[in-house]
Structure formats: structure tokens, C-alpha cells
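You will see two complexes here that share chain A, one where it goes with chain B and one where it goes with chain C.
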Partner chain A sequence: MTAIPVRATRKTRLLPGFPRCMILPTLLLAALILIPFAAPLITGADPVQIAVRDRLAPPSFAHWLGQDEFGRDRLARVLYGGQVSLTVAFVATTLACIVGTLFGLIGAYFRGPFEFLTTRLSDVVLCFPPILLALLVVTLFGPGAGTLVAVLSVLYFPSFARIAFSEALRVSSLDFVEASRALGTPSHRIVLGTILPNIAGPVSVQYSLTAAAAITIESGLSFLGLGVVPPAPSWGQMIRGARQFMSQDPLGILIPCVALTLTIYAINFFCDRLRDTLDPKGALGGGKDETSVPVAAGMVPADETADVVASVRDLRLDLMRPGGPVNVIEDVSLTLRANQCTALVGESGSGKSLTSLALMGLLPGAVRQARGALRLRRKSGEMVDLGALNAKELEGLRGNDVAMIFQEPMTSLNPIHKVGAQMVEAILSHRAMSPSDARARAISLLELVGINEPARRFDGYPHEMSGGMRQRVMIAMALTCEPRLLIADEPTTALDVTIQAEIIELLQRLRTEYANGLSLLFISHNLGIVAKIADRVAVMYSGQVVEEGPAAQVLNDPHHPYTVALLESMPSSHEDLHSARGDRLRAISGTPPLLDARPSGCTFHNRCPIAVSSCADARPPLFVSADGDRQVRCFRAPEAGLEAAR
Partner chain B sequence: MTPLLEVQNLTKSYPVGRKGLFGKRMMQVLRDVSLSVHPGEVLGLVGESGSGKSTIGRAVLRLIGADSGTIRFEGQDLSAISSTDLRRLRKDMQIIFQDPYASLDPRKTIRAVLTEALDTHKLHLGTARAERLIGLMEMVGLNPTFLDRRPHEFSGGQRQRIGIARALAVEPKFIVCDEAVSALDVSIQAQVLNLLADLRAKTGISLLFISHDLSVVRYISDRVMVLYLGKVMEVGPADQIHFDPEHPYTAALISAEPSLKHTSQRIRLTGEIPSPLTPPSGCVFRTRCPYALPACAETVPPLRDAGQGRMKACIRDDIL
Partner chain C sequence: MLEFLLRRLAAAIVMLLVVGTIIFSLLVIVPGDPAELLLSTGGGSATQEAIQNLRNEMGLDKPILAQYFGFLANTAQFDFGTSIVDGSSIADNIALRLPRTLEIIAVGAILALLLAIPAGTLAGLRGGGRFDVIASAVNALLTSIPGFVVGTLFIYFFAQVLGVLPAGGYVAFAADPAQHLQMLILPATTVALHLATIIFRMTRASVLEMRGHDWVRTATAKGLRRSLVVRHHILRNALGPVITVAGLQLGILLGSTVLIEFVYNWPGLSGMLVTAVEQRDYPTVRAIILTVAAIFIGINLMIDILYSLLDPRVRLQ
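And now, the complex of A and B:
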């Protein structure tokens, strides 16, 4: 029983402040670097001492790794050779890294002539084939470790300059660099104190790749007889010597190769971990797609009339964490009917997007459906349980019976394909029809969503369109297979006000004109838009629906204190207030809880102005209005005339 | 009263691609914009994407250079000033950004962020430093024990408060708020707006408040300026602009805004916003204006007095 905690504490206390994931790579790398330099301690043998009688001798007690073609001790040669290889590689890489990064940083921050100098200089060096350049220089200046360092650092300088340049350019355009400039921070402090740490990740990865490549090139040149001068040992030299006796003595070639491989592996391993550690958010630990198997709870669907297009019953979603599942969505029930627009309203972290993704069968890998039923009506009229479908059947459902449009129309369209081609592909993937029929259908859909000159736009690219037009194309694509349910996740948030109003009108129009009675699930944080478009509103807070009912009633006479507060905090609901007159908006104190840290009791109790002490103890049940049309999850709802459900 | 910030005939264009072998295609984002901000005043800038409102914010701080026009801060011409003097002047003018995630260096603690500001201008040195840091945190409603945390440990609203604290650290007289509350949740947005309102009441700071949200701008601003394709369409007292717009574009913008109460008919604008590369002749808004006359295509309408401290760039008086 006691063994486990003891082991755990010993591990973490080994080196306080030292990240645990770095221990193994650091030890490995340190060992591989230090061992060659500890050569005199390990073996007394001289790496250049020739003993012709014992050439190609197998390992013995005196010579652990045997002797080479001149009878020299292989252990001594691989160790002393490592000294040379590592020194050349690291000195050259470090020089290239410092010079290249500085060039990149200065070029990216100051632009103008500095940018020209950095990019052109790198381009010029990159124009030379690296091996050819190395051969040329070595031939001119004669072989030797010093020449190698010089050649390698010139060769590798551009890769650092380029990476540092492009990364620094990206970081310089971020607001926090602008903020430093606005503060009047001197340029050198911005470059070294702000930009440099933020590009350290990619540069360190480049360092590992380059150091590894430098070791290889050093060995390659030595192999060709252009690097380290014999008889001085180096790994390339060893391979060169052993090559001729490969068939009689495979060990001779194996030893330097293993040394090379191990060293390069250790460097890469170390740098990968280093990059993850340097990232302030830490490595995104594990959590790899644990295949989520939705649980079919076998619920009996109640009140499922023919106009119900989709229903969510008592949905409970858990986020799978190393420490166990964390509940993120709790008891969410929704009924979506044909010809109706239901708005799902909530702030970030309320779970509105997760709920909609569940309806598409598109839950992220780390989220598991723990309870509840998701049911969807197919075009055949049959109601299917999403939990009972396999991945392939779900795929057939998406786009066909349920479709989705997203917030950012630019990222949802493939920029390198023509708009029409993308639409035709979407149509043909679900329908068997001739390409010319698909084209005609696509053009008629473009016309339906109000795109001028649809035939011309059909042959255009997404970048030729404005944001509003792209969102119209997305809607047209979503409608290609005449789905019964359209999920719109913040479809107008990225658009300008005047364009937003047009898209809302389009969605409104589609609901009346569209043939088989489209049901719209509209996800938004903007109550003004919701008031325009929704028939019913479900307000979500921290993974639960806290209020649900007809839009006009919920927005004009909200019962849940969160809905009240949300409406109150909108500046547009207080057109009489003005900051210059000392007026304050009625803000909700505190912040919305994160989905994975939901409060106990009523999830809103710690921000609620009317909370009573018992609110912190238990989750409030849903209270239902007398006509059954409204539901509120609040202990104080009975004061507004609502009753506990069943 | 002399204005704190006075901008005259500001023009700015960006190169976009090439024209021919050597020529550059220029996209004009600001056309002859003039504005002034008085001490203690909040000027709201509204407009859709491409209207140039963010460019104005950065140009008045000299974070980007302008093509022509003058920017005077407390009477000093910012374009004629040396870089040393400009750096000193940065203490008096600050900026708050839209994206609370991009505006803080992920590698710096809050203490380091605020210290950078104070160190740069050698403020509150020695023992006064710790006190000042705590004071700043309290001023923006954050727990001072959070000082040694890094940005990723905070929510969007808290990050925005840190951004405000950074701007306030150097005790500026003027702050550009570039969509400072747009990325926040509604409930948090109200908190930050209240914080800004409190600050202006307490410190008499001037703000250039840039936003696309008209109700937010109306609540926080004394005067509002409406921009379209880099041109000023209308400027005047906030409530008047909001409830009684004179320019057809302002009217269309306000009527398009989704609101719980407005049930009035939306003024329909035809077509899309023209590309700034090929702006319409005459009035830039005429291609979408429901009231456009043939004369609108001929000359650029000047920004003219419309009474009661209002100005508008529209040749018609017989509408709205």
C-alpha cells in the first residue's frame, strides 16, 4: 500500500523545478556527449597506436570492441572520434544558430534593408549545393576540423535565418509586440526579451535537426577523406577504414554507425521534449483519440410526434481526463421541430457547441456520451438513434439528413478549388446523378441563397468572394442534399452588421421557401439576433439548459436569473444609460465557469443575485410552467408560478 | 479648450501586390480623415470592416506611419518629433487590443508585463514598485496574488483586464481602445465597460473607442464618428447619432443592428461593400445608398456642419 506514494514522491522530488519529461532525454544526451570526453578514464588505449599483428582482432579483454584494420583499439577510436565529430558539429551549429537567428530577428523586426540583407544573403548561400560548397572550400583550404566548422556554419546559417525570420515576422504582428512598442520599450529589448523567447521553440527544433545533419555531413566528408585528417580518429574515418573489410569484419562498420545513430537520436529526442517544455502551456499530454463509443441508453422516446426532426434526451457528456471523466454536459434535453428555429444561447464554455456536435455525431475524441439519447429523423421519416449507428452510417447521415454551417466561412471552403467544383463534389457524394445535373442543381442552389450571377460565381474561387457571399455559399452547400435539420453555429458572428442582417433574412426566407420544412438549430451568443430569428430559445449555462421556452416569452419575460442578467447586461437594452452621466451597466459579477470546472449545486449560484443558501447544495430540477411550454432550472422558479416537473 | 489629440487630413494607403514591373498597387484605407479628442472625452469610431477604424487607432499612436496629414498630441506634431521624444511621449498614450489572447506575451508573468511598462518610463522605482503593482491589479478588479501567473491561466475577461492594467500602468492621458470589448462574453463585456466608465470618471482619461458594436459605442462615447471605406460619413454627439442619424449610411447601420427592442424596418443596402482598391467616384457610399442622386457620383461630398455640433458628408438634406 505504501509503495506507490513513496515512489511518486521520490520521482518528483529528484530535481525540484526540473520538468519530469526532460529527465530522460537530458540524461541520455549528457551521457552521449560526456562519454567521448571521458575517454582517457574509460580506456588507456591510444587511438592512433598501430599494432599490425592484431589487425581486425575480435573483441578481447584488453580491447573491448576489438581492433581495426591497423590493429588500433576501436573503443578508443570511437570515443576519441566522437570528441572530434561532436565538437565540429556543435560548434558549427551553435555559430550558425546565433548568427542566423540574429539576422532573422533583425530582418523581421526592422524590415526594409535589413529584411533584404537577411533574405538575399540566405538565398545566395542556399543556391550552392551544400556538398559541392563543402568540397570546394575543403579543397581550397585543406582538410581539417577548423575548415569543417567554418564550412558547416556558413552552410547552416540560412536555415536558421529563414526560420527565425518567418517566425519573428509572425510574432511581430501579434498584439503584445505592438503593445510593447506602444509602451515605448526600446527595440533591442523587444527583439531579445519578447520576440526571441517566442520563437525559441522552432529555432531549438531546427538546432537539433542541424546538429544531427552536421554530424552526418562531418562524417560524410571525413569518409571522403576531406574532413578530419588521418590518423586522427573520427566516425567518418572509421567507416571509411572499415568499409573495405565489411564482409570479414562487420563489427568495424557497425560501431561508428551505432554511435552516429544514437547521438542523432538523443539530440532529436532532447529537442522535441525541450520544445514542448518551452511552450508555456506545457505539452498537450496524451488524451489521444480514445475511441468514443456512444452509449445507447435505450430510452423510450416520449412525445415524439411526426413533426419532431431531432430530439436530445437527458444528454450527459463526459470529458475523459487522465484522472477520470469530468462531466461537462448534464441533462440536456431539446426537441427540434420541422419549420421551427430553436436558438441555443450561451456564453463561451456553456456547452452549446458540444451539444450541437453531439447531434452531428461529431464529438471530439476525448468526449464520451455517458447517458441520454440523441435521435434524428431520416428523410424516410424513420427516427434513428445516433448511439445505435456505426461510424459509416453516421457519415451517411451527415450532410444528407443533418447539415451544419460554421462561424468562419473562409476556413470552411477549400481555397484552391472552384466554388462550383466543391458544391458538385458535395452533391455527388450523397446523390447518384450526372455531373451536368449536379451542376444545374448547384447553380439553382446558389440562386436560392441569393447570389447574383450564379453561373459566373459557380466557376469562381472562394477568395474572389466577400465574407457574406462565402457564407451564402456555405448555406447553399449545406442544403445540397435537402437536410431536415440545419445546425448554424454562430453563422454571422464574423460578418459586418449589414451583411449579418442579410444572412439572417436569408435563413428566415429559407425556412418558409424550403420544400420539406427545415428545422434550424441556431447557436449564438447574440440575443438581438436570436430575437429576430428564433421561435424557441434554450439558454445554456455551464453545461445545462437553464431556461427554455418560446422566444418572445423567454426574451421579454425571463424567469431564470441568468437569462435576466444576460439581457440586462446588454448595452442595447439600456438606451437611456450613458457612461458620461455616471450610469453603470448591470453586469453579472464573476466569470462563467470553465466546462471542466463546473460549480456544485446550482451552477449559477456563485454569480446569482437572488441565490439563497440552499442553491449551493443541490442541482435545481427543471420547473415547468402551467401550460407546459416553458421550463426553468431554478429553485426560485415556483415564485414565478412554475411547478416541479413530474 | 484645446484638444488633447488633433488629427488633420490623415491619409494612409497600403501597397497590395504589384502593378506592372515596378509600380505598386496601392489600397487607400484612409481618405482625408480629421478628428479631435478633448481632455476627458470619449470619441467613438464605428464602421464595418475596411472602414479604416483600426488604422486610425494605430496611426494616431504612430505605430504605423501615415502618408500625409498631421497628428498633434498636446500641440506637438507627432510626425516631426524625434524617436527619443516619441518614446517619452508614449507614456501619455496607450492602446488596448481586441484579442485578449494575442495581446499578452504567453511567456511573461503578469508582473513582468506590468514591470516592462514601469521600467521603460522609470516609474515607481524601488519600494514604491510593489505597491503600484498591487494598486494596478486592484484598479482593474484582479486579485493581486495573481501577479506571478501567466496569461494562459486567465479567462478572456481577466486577460482583457490585464491588458487594461498594462495600458494604465504608465498613467496615460489618452488610450486607444481597439475593439477592446468585442471578443468578450456579454456578461464580461458589461464588467469591462463599467471598469472603463469608472476609470474615465476617476482619472479624466480620454479614449478613442473603436468598435463595430453601435450600442456599446453609444453607451461609452461622448461623440461618435462613423466611417465608411476610409471616409468620415458623420460625426456628432453619441445619443443624437444613434437615435437620429442624418447620414443614410449611419441610419442603415443602426437599423441593421439586431436588437431586442427595435422593431423598425431595416434600411436595405444593396450590394456589397466596394473594394478599397476600386472605390466609387464621388461619394464612396453612393453605390449602396438608397437615396443616391446622379450628382453623388460627381464630387466627393465635403464634411459639412449639420448643426448642434454635428457634421455629415452627404449632399442631401431632404432625407431622414
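And now, the complex of A and C:
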């Protein structure tokens, strides 16, 4: 096996393990927190020294930011005021964090009444707007920094408790925690040594959020004159004092406003980046509504007879990555005919789904069609090139001429809309029909796919149905406009074995009874099911079709070593398929290559039992059988009587 | 559905009771004599007679349980007693001022929703695009400016520098509608701005999340128009979490409006509250906070019901 090349372009870092996107926010935050505490180094002025003669003096060499309404040095007041605001906020947040996290951990670990207390407590505290609760306490105890710290920490500890609780619950059900519990590790060591480090991320995000909120409340109360007691400086108070003089001296309000905003901004910025670093999923995005545009090819394949419903010619798809495009589909050609079921077979990641999505014009935004033609026959009989259609024409095609059933029935239906409404909306977007006619049609389709009480189910929600039923709904929905091509992407993978058989039976029945002439593209990795349903089989490996032909021939007399290996790795319940094999289950050695690390030559050569040294040199071409009905992409195919095409 | 409503209603009533109990017990757990505490200003202590009077007035001389049930019974009838400063009826005062506060919040909330939901949706649909990057950056900055700072800067800019809007104050709508609306603009915009940053963020995140779901692909595969996919299968789903957060924020807003009213001299609940806190008029403060908490619980009840209409799965929980 060849070694997978490792990207060696990573820059060496100053701090190993410190995420690069955290450097800027950390520096900014550290600066804004440290500068106020370096006040004595920056200015020798006293923040409470009054000089009435110099009231509202503009900036001068002695007083860089000027003097306030009492002639006090404004720079000193901003810096020392920052000390007070930051100290109140961080002491309160730290207290809340420690107490809250302990509460949450105890609640999660011992459950019972602790759990109730932890979860309900935050519900109650959430009922009080924080600033009002603070005012209530100030009424009782009078204003002052001490009161503020006390009330802010009481105010915020429940949110820490809640987060620590839910995170600890999640972590304590993980395997390694269960394991150390089983090993008899004492409770306190599990909680502090195992659970605590694992919930540190979300708790630290909450910490920065809370610190920002605490600064806002502290300055707000001081602004009302109910927070830090004068003459001690604080930002809120500075704004309060300067308000009356804003027309003569706008600097007076601007300076503390900027200091306050900048500090809160730095904390928020840090918090956002921290969250993105801890949970990269949220930052990625990438919706399933995003489709990339198919490319017009302009060529018409010669073999396009009237019964061809869809054709894929020399399709090449690239995945756009920051480091450059990575090829995912290479030279795939398929011809789908009316009345035929073509199975697309292969391991996950071999490109089956992408090929089928390309036929729907539904390729994810990050995948680009680099070459090839995708052609579909419309109901009018006309063959269209998907790349030549605009977005609106594609919408008219999808669901109408070609429909698709997806792998996950549990998530493929919108949970908040009634099942019937989701079907009707598909009908109405392609047919001029009254809503009541559409309803009747949808109900008859539900009945057709074997759903009991279709009229009642029509008004039901997806969550009221089992997976098998939902997949039936998906099938009914796909059939609403009588498409010529139905793509089923692993329609049974997520279902129980018994349900699987029912769905396959249903698809078979529909092909013969309902949608006459329907072409079915059936994607699966289950060769047993494929043997039951398919007329033709195309085997995909690592983005290429490696073998294609009539189902019976391919499955009983495979020519490509990968097809052979796939068949050998199947459990023996499908006796009809392994007459030749004895009774041993074989695993395919090695693993499928990563997209960006495909071996040179034949992509299968490093797992292939019959590979020869020249297999590593060039990609094998397609070899075609004498009657033209079978194709194999293997250098050793000529030994089975196949010839190189063209 | 009916069962769901009743369950939620019962939960809200229990919550009200808990809130009332906590507010009541705050006086009980305070170390020392609350009357003495309230009358002490700075270092000086009040006369024994004044303390005794206050104790009688607040009913502190009765047994605790009698005090508690008396408090609950009075509160349930909206009888909050009288101010210990000037003896006026607290309930009347609240009834006069509360609508003014709710006016700012309602107008601000509508402005915020109108601004933030379309902007958040657009940013979410073009996640990582130019509009998203710029809007998110502006939003991050606006989130970091506290409401009273925005208010102060607004007054400086619109009233002092440009002179186009009044710096603050209040005229009843009946007395002078145009003047009333003019004075409403700045406070309502300040409230809206703060709320909008939160709703924008939530809408964007929710739209981004919903776009990743399989049913969106199903909808596209059905051949629905793009606008229909966005409205029915992304936005409708995304709104549930957005209104929950908006409701929660509305409650928090009831608090932060105190500051904004103060900045603009808007005679809502806040002026009353700040004066009451300064004069340590505990019954008044307590009544205002109870009122706000009750409104908050009411809003959350409505949000729960609205959410259940948007997402049928909620009714099962």
C-alpha cells in the first residue's frame, strides 16, 4: 500500500496547539483588560483630584484627554474607572462561574432533587430582567461595588449551572466516563478529573458572555447613579456626569462611551471566535439548498435511441476546496433506459450519490462540473442538456420529469408541515390544478403506496409516522407528477430489514402497475437487494464506474476484481448469488482511497488481489465485451474476452 | 392542543407564585430589621418611632405566614399598597406609567423585527457572502454598545449636532400627536437597535442551520420555486427559535428600558423605579418588579403558544 501523502505546508507556530484565529481576539482582550490596571504607569494624575478652575479643559500636555466637569484628569478617570468596572464584572462572573458550575456538576452527577433544583433555579431567575433584580437589591442594601458583585453573581450563577448541567449530562454518558465509573474511580475524581475538563469549553464561552453582560449592567447602574458610589470613577458615572455638558464638551461622553464599547466588543469578539473554534460545525454553514450550475456540453452522443431516458457522458466533478479542486467523479458514463432498473453499486464515498444528484441538477454548491454532459428526456419527448437550462427551467424539470427518493426518510420531510401539504405543494408547482383536486390526487397516491387511512394521514405530521411510512410518503411524493426517471438513493438503508423488503416490493409493483415505462436508478450498497430489483448494474469505485452490464451477468460472473471482492464480502443469505464461493465471508483488504490521495494508475490496484506491476502506471480504459453489453475498467479484462473501446 | 395550553397555563401560574414568594422572602432573609435597613441613609439611623411606624405600615409586625398570605392575596387583586414616601397608591401610579413603557417596547420590537428578520434571513441565505460578512461585522459592533450609550450618543448627534429631534421628554398622544411621535422616535429606535442585533444574529444562525436539513433538499428536488423553498422550508422552520429568543429578549428589555427611559426622560415605569430605589421605597420597587415579572411570564406563555402553532412537535413535550 502506498503511503498517504500528508500535507506538509502547515506553518510552524509560536504556541503549539493555540488556534490561529484566537490570536487577535486574545491579544485585543488582554490589552483592554491590562491597560486600566497599568494606569499608574501611564499617568501620574489622580482620578479624584478636583481642579474647579480647569473645568471642561480641552486636552493638553498635562492632561492628554482633557479634564471633566470638576476639572479631574479624564485619562486617569477612564483608566481607573475601567479598573472598577472590570473588577466588579470579573469578580462577579468568576464567583457565578464557580458556584454555578459546581451546582451543575452536582445536579448532573447525583441527579434526583439536585437536578430539579439546578434546572428550575435558572427558570426562576430568568423571569426577572437582570437590571431590575439588581435594583431591588440595591434598594435593600444601598448602592456600592460590594452590592453589585453580590447581586451580579447571584443573577448569573443559574445560567452557569444550567450549562454545566446539560454539558455534564452529555459528557457523563460518554464511553470513557462510563468506563472509569465501572473501574470504581471515586465520584469526586470523575467529576473533577474527567467531566470538568470536558465541559470547560461551553462554560468558558458562557464566562465571556456573562462578563460582557456584567460590565453592561454595572455601567448601567452607575449611569443611573445606583452603582459605584462617587467619587470613585466608573465609566457609567463618567457618562452620567458628562451628559449635562455634552454640547460644550462632546469629548466627555465620547471617551467613556468608546472605552465601554471597545471593552464589550473585545469580550464578544473573543467569545465568538472561541465558540467557532470549539464548535466548527456552526461556522461552516453550507446549506442543502445551494446547488451548483450544470455545464452545457453541446455534444449529442451517437447511441441516443428513443428509449433512452437519461444519459451521463464522461462526467467529471470536482470538489472545490480552499487548497484547490479535488476530483471526485472521473469519466462516468451511464445510459438509463425506459422500463429498466439500473443499480448503482459501491462503497460509501464512491460517488454514487453525487452522480445521481448531478442528474437532478442538485449538486452541492461546493461541487463543480468540470466536464461531461447530463441529458434528460422531457415528457414532451425532447432530450435536454441540463447545462443548457436556466434555474427556472431546472425547477420545472425537477419533480416533474425526474424525481428522487432519499436515504433518510426521518429527515427528508419537513417536520412542521403536514404530510399532505408537502405533497400538494409538489403537485401544484408543476400542474395547473385546483387545491381540492391536488388533495384528491395526493390521497389516492398515498393509498397507492400502501398507506392505511390515507385521508387521515394526509392531515398528519411526519413525526406521527414510522420510518417505513415516511419512505412510502416520499415515494408517493416522487410519483406525484409521473416522472420518467425515478432516482432512489439508498431508499432502504435507514429502515428495518422487514420494512426494507416491503419498500422494495412496493417499488417493483409501482414500476409494473403504476408508472409504466418508468426508468429507475437504484443506488445501493446492498447487493442482495440489487439482485432482486436491477436489470443492469453499474459498479462504482473511487469516483469511476469500474464495471457495467446486465445485472445477472455482472453479479454471477463479475469481471472486475472489485466486483468480485464486493460479492465475496456479502453475507451468505443470498445463496443464489454465491454458487461459486464456498461459504466464506471475505473482507476487502485495505480501505477505499481518500479523495485527495487516489493512487496513480488503477485506483484499485493497491487493494487488488490480481494486480500486476503495470496497473500502477496508467488509469485503465473501459474494455467492452464482444456484444457491446458489458464494460469493465481493468487491464486484465482482455483475459475474459473483452476489448479496449474505440 | 387544549391539554398543552392548560399545562402551559398551569406552569405560568406556578411560576408567578414562585416569583412572588421569592420577592416576599427577600425581605425576610435580609439580615436585621428591614424597616431599620430601609430608613438608614448613609451612616445615620432613623428614630425608633419612624422605624415602628414603617413596621406597622408594611405589616412587618404580623407573623410571617400572615404577612405572606396577606401579600399574595393583595398582589392577586393588584393591591400593592401605598408608597412609604408619599403615601400614594402604587397600583394607580403603575397603571399610569406602564402603558408608556409598553409603548416604547412595542414600537421598538416591531421596528426590530421588521429590520432584523429580513436582514438575518438574507445573511443566512448568503452565509459567507459579502452582505453576510458586512452585516455580521456591523452587528457585532452594535451588539457591544449598551442601550444607554446608544441613547446618549443619539441625543448628542440628533438633538445637539443636527437639532432635528427633541432630546427627550414626553407629551401625551391625545394632547399633541405629532409632538408625541417625534419624541417617540429616538427612544423606540434605541430599543429597536438593541433588540435587532440579537434577532439578526439568531435569524442568521437559524436560517443557516435550517438550510442544512434534508427536507430542504427534498423541497428543491420536488421542483419548488426557490422563493417557495426559502419561505416554506427554511424560513418557517427558522422562525421558531427566533421568536423564542425574541420573547426572552423582550422580557430582558423590560428591564433595560429603564435605562433608555431615563436617558430620554420618558416618564414610564423607570422614572418611578429609579426614584423609588433612590428613596428606598421598597413596596414600590417590589410592585414594579412583580409587574414586570408577570408581564415577562405572560410574554413567554404567548411565545410558547405561538411556537406550538409554528412547530407541532412542541405540543408533544
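Note that in this section the second predicted complex is superposed on the first by the 550 of 646 C-alpha atoms of A that agree within 3 Å, B and C clash if a C-alpha of one lies under 4 Å from a C-alpha of the other, contacts with A are read in each partner's own complex, and residues count from 1 in each chain.
By our rule, a residue touches a chain if its C-beta (ideal position, glycine included) is under 8 Å from a C-beta of that chain, and two chains touch if they have at least 3 such contacts.
Keep in mind it's a predicted model, so treat the numbers as computed, not measured.
By the touch criterion defined above, A:Y80 reaches neither chain B nor chain C. When the two structures are aligned on the shared chain, A:E347 is found in touch with chain B, with no touch to chain C. In the superposition on chain A, A:T139 makes contact with chain C only, while chain B stays out of contact range. In the superposition on chain A, A:I253 makes contact with chain C only, not with chain B. In the superposition on chain A, contact of A:N400 is made with chain C only, not with chain B.
In the superposition on chain A, contact of A:F160 is made with neither chain B nor chain C.
By the touch criterion stated above, A:Y207 is placed in contact with neither chain B nor chain C.
No residue of chain A contacts both chain B in one complex and chain C in the other. Contact residues of chain A toward chain C in the complex are 123-124, 126-133, 135-142, 212, 216, 219-220, 223-226, 236, 239, 243, 246-247, 250, 253, 257, 260-262, 264-265, 268-269, 272, 282, 285-291, 360, 362, 391, 395-400, 403-404, 406, 408, 411-417, 425-426, 429-430, 461, 463, 474, 477, 481. Of all the residues in chain B, the ones that touch chain A in their complex are 42, 48-49, 58, 61, 63, 86-91, 93-95, 97-99, 102-108, 116-117, 120-121, 150, 152, 155-158, 163, 166, 170, 185-191, 193-194, 196-197, 200-201, 212-216, 218-220, 222, 238-239, 242-243, 252-253, 256-261, 266, 269, 272-273. Chain C meets chain A in the complex at residues 15, 18-19, 22-23, 26-27, 30, 34, 37-38, 125, 127-128, 140-141, 143-149, 152-153, 155-156, 160, 205, 208, 211-226, 228-230, 232-234, 236-237, 240, 248, 251-256, 258-259, 262, 273-274, 276-278, 280-282, 285-286, 288-289, 292-293, 296-297, 310-313, 316. If you check the complex, the residues on chain A that touch chain B are 174-176, 178-186, 189, 193-194, 197-198, 280-281, 347-348, 466-469, 496-501, 504, 525-529, 531-532, 555, 565-567, 569-575, 577-580, 582-589, 591-592, 594.
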